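Sharing a structure with you now.
Letters are used for the chains, namely A, B, C and D, taken in the order the chains are written, and counting of residues starts over at 1 for each.
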Amino acid sequence: MLDAKLTSKSHSHHQTIIKLTADITVGGEDLLIIGGPCAVESLEQMEAVASQLATAPIQALRGGVYKPRTSPYAFQGLGLAGLEILKAVRRRYGLPVVTEVMSIDQIEAIAESVDLLQVGSRNMQNFDLLKALGEVNKPVLLKRGLAATIEEFVCAAEYILSHGNSQVILCERGIRSFDPYTRNVLDLGAVVALKQITHLPVIVDPSHAAGKRELVPDLAKAAIACGADGLIIECHPEPEKSVSDARQALSLEEMVELVQSLRPIAAAVGRRVLNKSKVNASTLRQSFRALQAQRPVKSQKGKT
Amino acid sequence: MLDAKLTSKSHSHHQTIIKLTADITVGGEDLLIIGGPCAVESLEQMEAVASQLATAPIQALRGGVYKPRTSPYAFQGLGLAGLEILKAVRRRYGLPVVTEVMSIDQIEAIAESVDLLQVGSRNMQNFDLLKALGEVNKPVLLKRGLAATIEEFVCAAEYILSHGNSQVILCERGIRSFDPYTRNVLDLGAVVALKQITHLPVIVDPSHAAGKRELVPDLAKAAIACGADGLIIECHPEPEKSVSDARQALSLEEMVELVQSLRPIAAAVGRRVLNKSKVNASTLRQSFRALQAQRPVKSQKGKT
Amino acid sequence: MLDAKLTSKSHSHHQTIIKLTADITVGGEDLLIIGGPCAVESLEQMEAVASQLATAPIQALRGGVYKPRTSPYAFQGLGLAGLEILKAVRRRYGLPVVTEVMSIDQIEAIAESVDLLQVGSRNMQNFDLLKALGEVNKPVLLKRGLAATIEEFVCAAEYILSHGNSQVILCERGIRSFDPYTRNVLDLGAVVALKQITHLPVIVDPSHAAGKRELVPDLAKAAIACGADGLIIECHPEPEKSVSDARQALSLEEMVELVQSLRPIAAAVGRRVLNKSKVNASTLRQSFRALQAQRPVKSQKGKT
Amino acid sequence: MLDAKLTSKSHSHHQTIIKLTADITVGGEDLLIIGGPCAVESLEQMEAVASQLATAPIQALRGGVYKPRTSPYAFQGLGLAGLEILKAVRRRYGLPVVTEVMSIDQIEAIAESVDLLQVGSRNMQNFDLLKALGEVNKPVLLKRGLAATIEEFVCAAEYILSHGNSQVILCERGIRSFDPYTRNVLDLGAVVALKQITHLPVIVDPSHAAGKRELVPDLAKAAIACGADGLIIECHPEPEKSVSDARQALSLEEMVELVQSLRPIAAAVGRRVLNKSKVNASTLRQSFRALQAQRPVKSQKGKT
């Protein structure tokens, strides 16, 4: 049916498993849980997130440095300075990192710095960007457009695969609808369908879908129960102070609790949340305290 | 916020538990799983469903006798003859029965015959029907309108409660959206929200949401994982011969398998699928064979 | 294509013209412009509307006496007392009157009192109501459901026609969508399509579509330009004091101005706004003043 | 309200008028009617369109050379070869030309060749592209995203204005909805709103909105009646042979007829369709015949 032969199940009887690092994969038995703030705001912020979540454990860290914002006057991200923060945290905590790429000229710097390049919903059909990402040797996290059909979503992935890069992870993040109660409507029927018609890993972003933090944990459970290969969840050391999307970010404590609560659901559907991260928790806390001792804590929000 | 004081959480700190029979409840630890065909077609059909599913087990049987159909020329249901079939099966198998009521003048006959009166999506804001159901002493299953906001849905329930009947079960069944791949979009964010803002039981209809049987089981799991109190699922002895919605009905074997697969998910979120129905399985099979021996099997589809 | 043979163009090569009175028709060259408040609030209110608009001229008067409201605690309409007001105004001003019927048991009283029975959006698929209206010998104004497809809308009309009443006027009133700026999205593509695939008159309600009075006049012009047979527009002597939908009602002066502005558009597409009503304007003003002199002006809002 | 100070009405009390050429403007009394095929397929095709429509008259010619297509295997446009065709036709017929720019690296070549750079719906929130177009000294035609709110649309324009280019034309082209009968839903309420809250010209694309050619003329009339400053309409010498969107293209004869039918509507709302193009019709036909004599007519569809 779909004009997307490389992405279709018929192209590969095997479920595609994508490696972010030697130990962290997505698409197999292990779930990929990605956590972190909407935007990278400061090194302190990212250290706090990484040190507390590495032992949750989450398997990867998110944080935007180029931010697509509705208004040109809203915070647009720290840019290259933010990328340096991501690199520092990635090195120190051994956590793979994902960040959004908004244009072709950002690809090279981002591909050198992170483990997973995110294409945001607004760019799902930015075809020149997709073609360029088809020539990159790094996994791509492709978010569904906010009113994209399943067919359009699969065809967008096909743009990347047909240009040479088969490491694509699909991400359902809610579609636009009429009810103002939730920000978007999480479409888990699409997740089930995508698992049936493609061989690619499919993860879910319940944070953007719900838009309200109190809805996130139960939607995360639903996503795992219906077969999603992972989650990407917004969390922040001080959610109410987040520069963007404050209403939907979990606190770090809530994030830890959420990951724990997913274990029995995962087990019920034959999946697994990794038991512990490779990085030792007490080592992490020491390194964080050492870091705090060295430098005065200051907010860099929007100033770099 | 909501102009729905009786339905709101603030009105009752206790979760409402509704009894369908002495043993079958919804809203507590036990999940309510309702199965059966879209439309009652014949006694044989309903006997086949009840005898095979009573031990799945399901906790209640569905089957429409008054069918809201887009076209006036489509099968409109068996009417009172269908109601007699439901009564016979209910008596024989000890299973509570749910059927749809489309107008005020049907209420009396239906309320005398079944355990749970369903208001369909198209009638969610048929306010005179809601008011009349507020004066009935039977539980009501209120399905969300296909483009109803959460607020409108809660206010529709309030019409029933404010007229005296507090036994209302809410049912999310998918909302209308732009993607033709699925019939509707199952909105589990609404389920999580309804559990948070009301004290009423909330169940999920994954069959109408998905519109394709292969999507139903995984969506059913997701619904239970996010906190739904039950499910209503279409199944049919011969799905491809169903007079309506054939594409979304599970076979009875698939239905049994689905119920079994829900057990570990239910356990993971502190819920339970009843271990066995009160009716003994071998007794059921005997009574079904006896019944088949007595009467020639014939289709009554659309002929009564 | 459609399972709606009586409603389809193929059933009748002639455009159906429906008579509201001996002089007022819809579906032919003359446009049908219906004006009036969302709800009938008092005799004074309706007298003010009728006396000022009869010479606009509008061709019919609207005013709800049974109001479908999201909340059970909102004003539900004056009921039979409201119907008496409509009858009085209709007699005095010789204007045909339209009001909404919400349930079967209201049909008889309403059909005796008014010229056109409205089925509201929430009841477009209240099939038992449609069937009952199929047996009435009065024209029916069928509003499109807020998320009804064109096919479902046409099939809803077919329910009425197939039960014997072929006097059905279709009304596009906006469909539900994602943008909070407008209340609904006016779907003029549906109007053009309905004129092509059915032989029924099609009118447009820009008030409910827009939800903001400043958008109404330009949308009214668009509706006439694309071929609509008429308009139904909310207006009120004191819009800001309207008991419901205050934000979308025009003042009576704005309504008069709107009707005048439609004349050149109507002419441009070969249609006509009647030049003057049958009732003499100065007579109307006299009768209104006489009425005011007789009785003290008092608000009956919600008190009858 | 909007975080879009430069685009807001409050920034400029004057309606912005944008010049495409010395004689062709948009935003003032004269309507801008743009016609042409979805994709540039060959010089012959574009010559046929320009020669027949210059005297319709249309005021500008459209034709895509970089085509955003759902599937990577669909025709992606003639690229630079197509741009040469546009330049040749523009020179010969004196008609301003509009074509879509999909990525930053295409801007320079396109800006040198055409009069108006189109940003397609899928790129409405490709913010890096918008910023780059803010630095170009050519008018930009910004199409509304298929599920963009009015606020998001206005803010997308603000990206261009705030980066230095105030020559932005907004284009409503239908939003995605649930009804398969039309491809999209033309949202004229948005057109009325945009005219009220911004000072920019607003045009309408009824072709993509309707998706069916028989709906286009009446929607075009509606657009002009509600205050749109112009139209962009797909037409093709042989619609059924169009490489893309064949179902929605008018024939050239239908396009000529449509432009004529708009005159009385335009007059009714105080607007004007230019009486004749600057290019003399008989000259045009001669030059076209000369061109046909020189070169064999051949299809270059998808082969360049």
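As a working rule, a contact is a pair of C-beta atoms (placed from the backbone, for glycine too) under 8 Å apart; a residue touches a chain by one contact, two chains touch by 3 or more.
Quick caveat: nothing in here was measured; it's all calculated off a predicted structure.
Q: Since subunit A and subunit B are copies that touch, is their contact same (over half of the numbers shared) or different (under half)?
A: Here the answer is same, because the shared fraction of interface numbers exceeds one half.
Q: Please work out the Cα centroid separation of subunit C and subunit D, and write it as a whole number of Å.
A: Chain centres of subunit C and subunit D, defined by C-alpha means, are spaced 37 Å apart.
Q: Between subunit A and subunit C, tell me the centre distance in angstrom, where each centre is the average of that chain's C-alpha atoms.
A: 51
Q: What parts of subunit D, by residue number, touch at least two of the other chains?
A: In subunit D, residues 147, 151, 176-178, 180 touch at least two other chains, as defined above.
Q: Report the topology of the inter-chain touch graph, choosing from line, ring, star, complete and other.
A: Drawn as a graph, the chains make a fully connected set, so complete.
Q: Which residues, counting only subunit D, touch subunit C once they are in their complex?
A: 147, 149-151, 174-175, 177-182, 185-190, 192-193, 195-196, 209-210, 214-215, 218-219, 221-227, 264-265, 267-269
Q: Residues of subunit A touching subunit D in their complex?
A: So the residues of subunit A touching subunit D come out as 3-4, 68-74, 102-105, 122-123, 125-129, 131, 146-147, 151-152, 155, 158-159, 162-163, 176.
Q: Which residues, counting only subunit D, touch subunit B once they are in their complex?
A: 176-178, 180
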